[in-house]
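Take a look at the structures below.
Paired with chain B in one complex and with chain C in the other, chain A is shared by the two complexes that follow.
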Partner chain A sequence: MSQAFDPTQTDQSDVVVSSRVRLARNLVGFPFVNRADPEQCREIVTLVRSMELASGAETTWVDMTEANQTDRHILLERHLISQQFIAAEGPRGVAINRERTLSIMVNEEDHLRIQVLLPGSQLRNAWNQVNKVDHRLERSAELAVHPRWGYLTACPTNVGTAIRFSIMAHLPALRMTKEVERLRRAANTLHLAVRGFYGEGSESSGDFYQISNQLTLGLSEEDLLAKFADTVVPKVVNYERVAREMLLERNRILLEDRVHRAVGILTTARLLSIIEAMKQLSRVRLGISLGLVDVVSLQDVQNLFLEIQPAHLRVAFGANAEVQTEDMDDEWIRECRATHVRATLAKAR
Partner chain B sequence: MNHTCDRCDRPAEVHEIDPINGVDVHLCREHALEAGFQLPEPTAAKVYSQIGSTMQIQISTGRERTASCKTCGSTFARFRKSGLLGCPDCYTNFDQKLDGIIARSQNKANAHVGRVPEQDASLVDRHARRRTLLEEIERAVASEHYERAAMLRDKLQTLTDSSV
Partner chain C sequence: MSQAFDPTQTDQSDVVVSSRVRLARNLVGFPFVNRADPEQCREIVTLVRSMELASGAETTWVDMTEANQTDRHILLERHLISQQFIAAEGPRGVAINRERTLSIMVNEEDHLRIQVLLPGSQLRNAWNQVNKVDHRLERSAELAVHPRWGYLTACPTNVGTAIRFSIMAHLPALRMTKEVERLRRAANTLHLAVRGFYGEGSESSGDFYQISNQLTLGLSEEDLLAKFADTVVPKVVNYERVAREMLLERNRILLEDRVHRAVGILTTARLLSIIEAMKQLSRVRLGISLGLVDVVSLQDVQNLFLEIQPAHLRVAFGANAEVQTEDMDDEWIRECRATHVRATLAKAR
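Let's look at the complex of A and B:
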């Protein structure tokens, strides 16, 4: 995919894993999803799908009521849909582009949740792409807009621009030095949210944190973007880098021990739970960024974070697709995970 | 609910879900008023508190429970519980109640300044101009510049007529 030059695209790959821009939109003439009956939800789905088809956009439609558990979790693991969207009921679905960078969730909390997710630090590119989809949409649909409040959303805290900029940041040193809590508090006063690996209501996993803007009103999209991409992101990156340097300076041997133990576990274990694998891979990722190990490239280890997720392993190893969420990470999958990680690390060596 | 106030040790009378941090807010009467919540008269609450705590809960939320959106029927009490409004018209129907809530969550911002769909742009522009004029009229009256206030009022009238 060709990408325009993005001034926010500096080399922050040691900390910033991905960039995401999300817009919430609602259609005129329908109640919000929480108040809509199944018939109205179905109508919204039909309307959005016909608009997408008419616009000539090349997206694939996934009907959430028909998709099996594994397919749903594949989308969640790729951050194309939310946890709430899996758990929800009623007619709903998601349109996804071929590159799997764009997703349009229909009937999540709002009628439409348009998201562009790109690897690394490229918020401006993501914003440009999401903006194009928004323009395409407003040509064929009447959107709920208020003269004073701007774009109307089911939750009034999203009103105005209804935009959310976020990055997925790898913050192992801040976690080790327990500075993450300080970051959370600072973020709160700066109107930022610090969330877990799968967004709202999720835990941090593998030391990944999703950091996003909370203000959506009183500033234009451009100003919000500039504030977030040019001020907030560099600060977070710098904060983590300083913590890494400090760990190296004060506790180099402890840090090296953790990283090499992680390599040891990942290259020998026969069973790996998702929690343990994420934890050890996070240490390896930190080790690579600091030049302490070179068993595998940063890109390969980043890919592993996705490949070792339960639904991705189920598909790769040909498991039964119809499985309950709680059985997603059963013993056989833990064995598959260990096998896959060992093979990837051996190949890299 | 047996919560004490987040800011002191008195029993909390107002309970709200804070949608930003995902934590509940519990405030006593005094701190709730300070935070901008509207509460029923203290005398009535006091009388009912002597009768029983269940009655007190009823009276402190009773007014909100009756406020409902003319379009979708959603009540304001439902919004307080779920954090979600029922339809776009709820913004108009609960205008005054939402004012403070939105301002609190948006660093005191009280109007959208970003982009809107092209077909809505002129409407938003007129609304912003009307608001500016209203503020200017208030300032002119406060500083006793009545002639200027009358002139601005004419302007406002023209703007309102042209939008009908």
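Let's look at the complex of A and C:
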């Protein structure tokens, strides 16, 4: 199916940065995580680790109680674990495949959170991959399912399919024209959530918005996917594209100014905070999509969004030691960031 | 004397942008300008124009009642006339030499305001040139002089020598370290005034400060000059230089960041307001002085400070027509400014 032609999912990379599908699953015979004691949590971890969930692919197990701050933040920056998973306590961990597209969090809010995250607009692919893991899980364990309500989850909003589809959308034009607020309101009535770069409770950074379905009950997974991927996503993409065209038409010089300045700043700055770097890279990304600049490829810019994150820079620049969270973006890291961005853009030229 | 070696006045171009000497003179037989009627003002203009004041040099007469807004602002941007001379009413004008270093305003606050403005630290040169014009004036007309008080002027603060020495100082490091306020307070006790880019009442723009002597009474012109040029100016220069060295030593990365970003912005922006352009050029000027950048010469940057002024851009880009003052820095001019700055920096590379 992933090879089949799908007009709604091709070439949306100007707006859709990545596609994500996640399932919540709980095991029969254990309380939900928030009610389980450490011993029960340890048993859940042991049980899940004994299963062969990812077909053929090597998965790595990261024990969260042993991982240091930098390693935890590396996973967060790659969207492989959640903010709350970092801060949580008790036995827990995450299995990650070699391509770092699949992650299985054990003892986050639910016993299992299975996620596939793929670049670009690939919701059907992601769904197929998640589905395979789910089938293997069903053969390995007894899952908490209610005949009428479907899959049971720690939070009632997930009950039913317990599935969530989401895309990371780059909406700089909608933000510039302040239409993101209209999008938020429209999303609400369509049972969609519009969130920041790192999910629930986080701010939008670099004009990126995570848009996800909120409905998990009353429709099959396939119907939810069809609704989201074939109706919602194309609408969002179109909305942003129209806003971009409008900006180009009505205020081309202002748009060019912002895009070219962004290149100017990124190629010369000696200190870059994460917030400014994401803002300026966002403008470069917009400029590439609109054909205003070609100093760097869309792929290079997309890689930079990950490489400039604090924990990634710490590892790349050789400070892998344990750090306090509040130090993550200190002056040294801001200098490393500027150095790395300059080098990348110089190489691309 | 202008050829004599003067250790205090050589090579201060890192801080001293220009040197200015101006004299106030009034003619016997006419009331001060604020008391004169239009007919008397016209007579003063006619009388002054009949004198040969500038030796050999061609001077051009600009009748302020006929000049349009753009032409007036061209003169203001070159510091050849004052803000209040633009807004004033009644017969008045200015004689300007070919090199545009000498200006004689007629019917500003006093009947005559003779000014010589030279680039860099050249107060003695400027004084010699002003002095020659003054001697010619004394031979051509009877001046209002009191045997005890000296030259009489419309404003009592000028009475006596009626002379003012000033330099335009570039003080980015003192501003960054917030020591400009200390300089202001110190200046006060030394009978000095610290003003903005366009003199009295104007804001400092691009870190430029006009520093002038306020004392005109009780000392000879030569003594005032010696005190200002040999004591005050070297102190200000040294104060700024120490601040620059301190910044370099304590916060080199921040300084480099600001300087290189300034180059980045000026070489890429498509819209530049006058305020931002002066701010960024100021940082480039500082960077050149400290050897942090060499993309452009100090002279090119200094020329840009003049060329980016709104009236100069209007003329350069072919909109010489009458404009309203409030439109002087509209979007079209901001675009012209960015275009001109980019072209200049690209040529310099």
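Definition applied: the second predicted complex is superposed on the first by the 333 of 349 C-alpha atoms of A that agree within 3 Å, B and C clash if a C-alpha of one lies under 4 Å from a C-alpha of the other, contacts with A are read in each partner's own complex, and residues count from 1 in each chain.
Just so it is clear, a contact is a pair of C-beta atoms (placed from the backbone, for glycine too) under 8 Å apart; a residue touches a chain by one contact, two chains touch by 3 or more.
None of the values given here were measured: they were computed from a predicted structure.
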After the overlay on chain A, what do you see for chain B versus chain C, clash or fit?
fit
Who does A:Glu249 touch here: chain B (first), chain C (second), both, or neither?
neither
Here the angle between the directions from the C-alpha centre of chain A to those of chain B and chain C, rounded in steps of 10 degrees, is 120
When the two structures are overlaid on chain A, which partner does A:Glu335 contact: first (chain B), second (chain C), both, or neither?
second
If you stack the two complexes on chain A, which partner ends up touching A:Asn34: first (chain B), second (chain C), both, or neither?
first
Using the touch definition from the top, say if A:Glu66 reaches chain B (first), chain C (second), both or neither.
neither
Using the touch definition from the top, say if A:Arg270 reaches chain B (first), chain C (second), both or neither.
second
Let me test your reading of the model: by the given contact rule, A:His260 touches which partner, first (chain B), second (chain C), both or neither?
second
Max touched-residue count on chain A (chain B vs chain C) belongs to chain B
Quick check: superposed on A, how many Å separate the nearest Cα atoms of chain B and chain C?
40
Chain B partner contacts - residues on chain A that touch it in the complex
26, 28, 30-32, 34-35, 109, 138, 142-152, 154-157, 159-161, 163, 188, 191, 193, 200-201, 214-221, 224
With touch defined as at the start, can you tell me which chain B residues reach chain A in the complex?
19-22, 71-72, 74, 82-88, 91-92, 98, 101-102, 105-120, 123-124, 126-128, 131
Given the complex with chain A, which residues does chain C contribute to the contact?
253-254, 256-257, 260-261, 263-271, 331, 335, 338
